[in-house]
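Order of writing sets the labels: A, B, C and D. Residues in every chain begin at 1.
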């Protein structure tokens, strides 16, 4: 039997995968994708809770989050393009003009 | 008591102050006015003192009053400032104003060519005021005020010719040595005040009140004997410095850098005698403390003897007189230590006359020759008759020539000494012999024989260059010479209420014999040259060099000041300040802070993934704390 | 369900939306050289919003809209501050020449959307509104931070801000999800009631902490602060001003609403946590600022330090703390905007943003140097300037919350911060300038500087009216 | 409504500073005139306060109270008791003479006087404030102008021509150190405020409240060190003193005058006014420790001064040494000692101001403060030399100057409580004489040096005015101390009686007769 807890565990795992990806992948695009994973983990949690509570609030939230995530990717990609133009790289490690 | 007597008493104190103020306000560029004001001020004081004396004469019992204003008045603490007239203070005031007036007049001639006459007279007047503050003080604080102020004026007057490094140093030294002594003196005053009553508001600095309170407290056994002895010793620190007793005597010979009138007035007749005066003033206290009295006696005796020895080998005329002053002060202190208040004051008085005379004569010599080395003088008796005659009178009085003032006063001390302690008596008699010797040495070397000046001063100077001093300088000399002769017949001890001491022929004979021995020896060595001085020196090489180096006391002090105090203690403190406090503690903290900043900014690697990682750690930390609550 | 009166509660936000459209249209319609008048349009937009806000205040409008949005005196107080901030930022953009290219229109557009986000944040009554307001603000700032697209540093700043911001949003939104799961709603009332009625399960606690972390990112609290120095250094100065004042203030507003409202039942948990964070933030910001050599980076670290004081005030969990925070923000706003306005106005003439470029500024422009001096001293907390009163109130609230150690730490950090602020003063006043030509300052900037300095002095000397406003805002 | 004197004294320099903001930069003479005028007004006000203070009624007089932040219980409450009157007078004298001495400043004149007047305002504010908030407010306001004043117009501290402490270092160290002290004290004040439960910063109200319901002794013991150390930094208490000599040395003379003359007194004043008054139990526990630290101040500071060769450093360390007497007087907490401490604040302030003014003149004329390089200046600048002797003697506690009276009272008042510390204090006088005489000897005496032949004396009456004013003030109060002592005592006694009941009770009627006629008695 699939309980909300199962959904939540999956959601937490998804969140962690996203985080792990952010920490390990060097490519900016990959990092953006991993961030998407984190948002989707939250989406999953919302859906699961909405189901558990039986109200629509959670589902409504998901729509908001999807829109925000989409916008975030848009901005992210735009910046990635600028990055590749200005610094000729998409490797996050190499983007460290600003430090200390 | 009549109001005019009170006014007289105040006038003694205030007229020199008024003179000083006048000079400061109006006389800075008017030397004549300054001199006139100063002389007039002190003379007024003298006349007032005479007026009081005449009133008191013959009925001295009636003369004891004080008049004061309150200087500090707080609940529980009253410090008056005023005048206390009793035979002791009146006698001292007479000496200070009388001898002082003569010296002031003399100085008008002596300092005529000086560039800073106004400053000189201003400070002299200030000195006179300060000295009279001591003399007429009604309480310990007023006395201390005067005590410090005479120290200041002495400092300034020794350094009158400040361009001379030696003069500037000498002034500094005098002030410093006195400061060290006053450290103990101040503690003594504080302790005495504290001992006078357990309740703050009932304590007093007032001489007469203290005497009453303490006497009864001592009788009731309220104060431990040790405390009192300690207080006595601390108080004695004051005279130790001011009267230049061993081992704090070192400043006085150096103080001869000052103009000669200053040496005569401050460093011979009056200020240095203030210590003795103080001992007499607080005699009721000291006399009840046998241990302290013993210390005083021996310090005085040692000073008398050791300084006389130093005078033997000194070649500078004024410094010889300075050592002689030390020696005589030793006599006075010893006298008080022996319980002879009147004897001490007696000698103080006669010494003021003849020592001032000697100094002024020496000043006259110096005025004419600009030379003080006795070996470079000579034959003055011919070129400066009056001066030499005066000097001779003073010298004989100093040497204790029978019939002159010094003879009587010294004799009373010797009598006292013999009655108390054989050792001190021998020491004192020996000192009398030495005194005669060095006095005669000066006379024979500098005043008799032929002048050695001509060879040094070349053709222009010569024998004929030496002129007798002007009358304004000679007249005071004559007066002082008269006093030196007659001082023994003025009845000073009787005025102080002492029963007339019996004349002891044996003591007198011994002292005269000692003096004559000294005199003869000096005559043999320096006049007849039966024994060459060189030979004597060679024979006594070791003690001679010991004396030549003044017992190495100056060196020891010099070593202490320059090495121990300056390099070691002050240097150590400065090192601690620089390295430990500023370097390690303060700058160290600053560097530590900065270092922490440098370390922390290293977290800012510039890599975004590190940032995410730290973020994650933060969240994890928060969650962990939440879980463990 | 919707009454006409309800819409008047949204008047300011709606007008902001309208003005965004207007600006968009103007940007499309105006040609070439005329686009430089867009700043005036934006400024007048802010003025219109201010008028509307004044009207709302005058009418005493208050209430909630769909239980997601509230208009209360608390919100209004901060909306005034947001409007003021944006107005000054507009003035800064005038001085910041690089922005006045043909792309200025989009910049002002983003400025207004950021403003809208901030205005929304001041009125949130629902976690979703929090999320939306925050994202609206942050997205605008992402783009604005990277606005100098030919400047690698600006782009890097934008990238870092974006990634960090997104990650923190991820945490925030996950936290919201957990809280939703606990209470069944994202509405503040519901969550508060749920938290108050039963002991909160761990998921709810975790949810709250994740939300706090997300907001901690906004106000630059250690350890969520690492983006701050880099972004401050790289981003265009007016954007940094907006970041350091507007964005931080928005985070604090949200935190105040949450902590004193929704999360009040969990005060036992967050008070101590925030105190620890406050201590760490204070120390980190102020210590790491000491060795800095770039003025904007320095101000970045200093803004972390200020976040520490704000957290101190928040950690007391008391009204006194809230009052202190509100006052602190007021003073911080004036001080920081003054400093950034000077930086914006002076950078071009000075030739850079290094601290050493500020040498001898006092000889080249007395006005700029004096304003900077006063601004920095106010930030340090020196009487009779505003920052002093703010710090005093924060310390007082902390002492009254029996956290003497934290108050002492905060007090000591005043001295530390004074050190690095004075290092700037030292260069401006004690050292010789490289060039001697006077620096021209436009009349608009002069007026703005004068106003800001007056504001600093007013906040520092006549505290009573401000405190009265704050007290009214905090006691609905 | 007539403005109370306290308001007038404070407002004059504040208005002067405001006026300077609108005066054009180049009108130096006008700028100076404004400064002279405003400080004269304050000085007149201070003298007026001294004369009109009603000794018999005591307490705070010339009060001005304006509610400021009602919700926190903060009010601009100004007022003076005997202690503050004396210190206000001190500050007014130093400020007035300092403004005159500042005529030597030729660069950035307007800015200089602006900061200077702000500094003056701040210090007046502290002495006049009867509200903890404004006390701190003015206190910190007085500290900050020191930074530009030293940093811009100061001079490096050199050793044999090599810079040992730059003026930037000195300025920064001073500002940060004092601020650090201030914030520590602030923490204590806020704690006190919170613990009192009275919700008022008003000093008088707090005093009354504590008289009825004293603060918990353990709290008092905890808060007292915060105040003592915080304010002790500026006092300066050993070993927290190291900012001061370097700060003095680097500052321009007129700033050193205020700094050493007055600013340092803020610390001891604050300890008396706040720490001791409000926290008697804390004072009872901690003051003996303070008394021992004072000995370090006196002796150690004196020896460090002895080792210095820069004139200003010597005076700087001597100040930190002499402030030891003030703190010692405070620590004794007996009427006499506290009378002495307050009087010494006054005396030392004037003396140090005088010394720094004189050194400033010497430095202006010779461009060196390095003692071995100086010498024989009495030939060229006799007036300055004479004043220097007076200053050195005042510093060494020569009777006639106020320092003597003050130190004497400290000794008398402290003898029963801390005899050892007092004895050390008496010894400190000896140390003072050592370096003071060395300064006079090394600077002014000895043969005339050719390189200083161009040195000019303070020749005109106007140039001499500041020196004469300071010396005269020292001399008058020192030789006729009654008016000032009666003023101080009127406030000190109730204070001590409140703090240490039984100790301050007067043994007799308060002394109100200032001029007494001689009383003569015949003694049998």
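Keep this in mind: a contact is a pair of C-beta atoms (placed from the backbone, for glycine too) under 8 Å apart; a residue touches a chain by one contact, two chains touch by 3 or more.
Keep in mind that what you see is a predicted model, and the values were worked out from it rather than measured.
Q: Quick check on the contact network: minimum steps from chain A to chain C?
A: 1
Q: Measuring between Cα centroids, what's the chain most distant from chain C?
A: So the farthest one, by centre of C-alpha atoms, is B.
Q: Report the chain ID whose CA centroid sits closest to the centroid of the full protein CA set.
A: D
Q: Where the CA atoms of chain B average out and where those of chain D average out, how many Å apart are those spots?
A: The separation of the two C-alpha centroids amounts to 36 Å.
Q: With chain centres defined as C-alpha means, what is the inter-centre distance between chain B and chain C in Å?
A: Comparing mean C-alpha positions, chain C is 77 Å from chain B.
Q: Hey, how far is the Cα centre of chain A from the one of chain B, in Å?
A: Measuring from centre to centre gives 96 Å for this pair.
Q: What is the distance in Å between the mean C-alpha positions of chain C and chain D?
A: 43
Q: Which chain D residues sit where two or more other chains touch them?
A: Not one residue in chain D touches at least two other chains.
Q: When you check chain C against every other chain, which residues touch at least two of them?
A: 159-160, 163, 167, 171, 229-230
Q: Can you tell me which residues of chain B touch two or more of the remaining chains?
A: 601, 604, 606, 608, 612
Q: Considering every pair of chains, which are in touch?
A: A-B, A-C, B-C, B-D, C-D
Q: Could you please specify the touching residues of chain A with respect to chain C in the complex?
A: For chain A paired with chain C, touching residues are 4, 8, 11, 15, 18-19, 22, 28, 31-32, 35, 38-39, 41-42, 45-46, 48-50, 52-53, 55, 57-58, 60-61, 64-65, 68, 71-72, 75-76, 78-80, 82-83, 85-87, 92, 95-100.
Q: Touching chain A in the complex: which residues of chain C?
A: 128, 131-132, 135, 139, 142-143, 146, 149-153, 155-160, 162-163, 166-167, 169-171, 173-174, 176-178, 180-181, 184-186, 229-231, 233-234
Q: Sort out for me which residues of chain B touch chain D in the complex.
A: Chain B reaches chain D through residues 1, 6, 10, 64-77, 82, 141, 144-145, 148-149, 152, 155-156, 159, 162-163, 165, 168-169, 172, 175-176, 179-180, 183, 186-187, 190-191, 193-194, 200-201, 208, 565-566, 569-574, 576-577, 581-582, 585-586.
Q: Okay, in this complex, where on chain D does chain B touch?
A: 173, 177, 239, 242-243, 246, 300, 303-304, 306-308, 334-336, 339, 376, 378-379, 389, 393, 396-400, 404-405, 408-409, 411-412, 415-416, 422-423, 426-427, 429-430, 433-434, 437-438, 441, 444-448, 481-482, 485-486, 489, 493, 506-511, 513, 516-524
Q: Which of the residues in chain D come into contact with chain C in the complex?
A: Result: residues 68-72, 133, 136-138, 140-141, 144, 147-148, 151-152, 168, 171-172, 175-176, 179-180, 183-184, 186-187, 190-191, 193-194 of chain D touch chain C.
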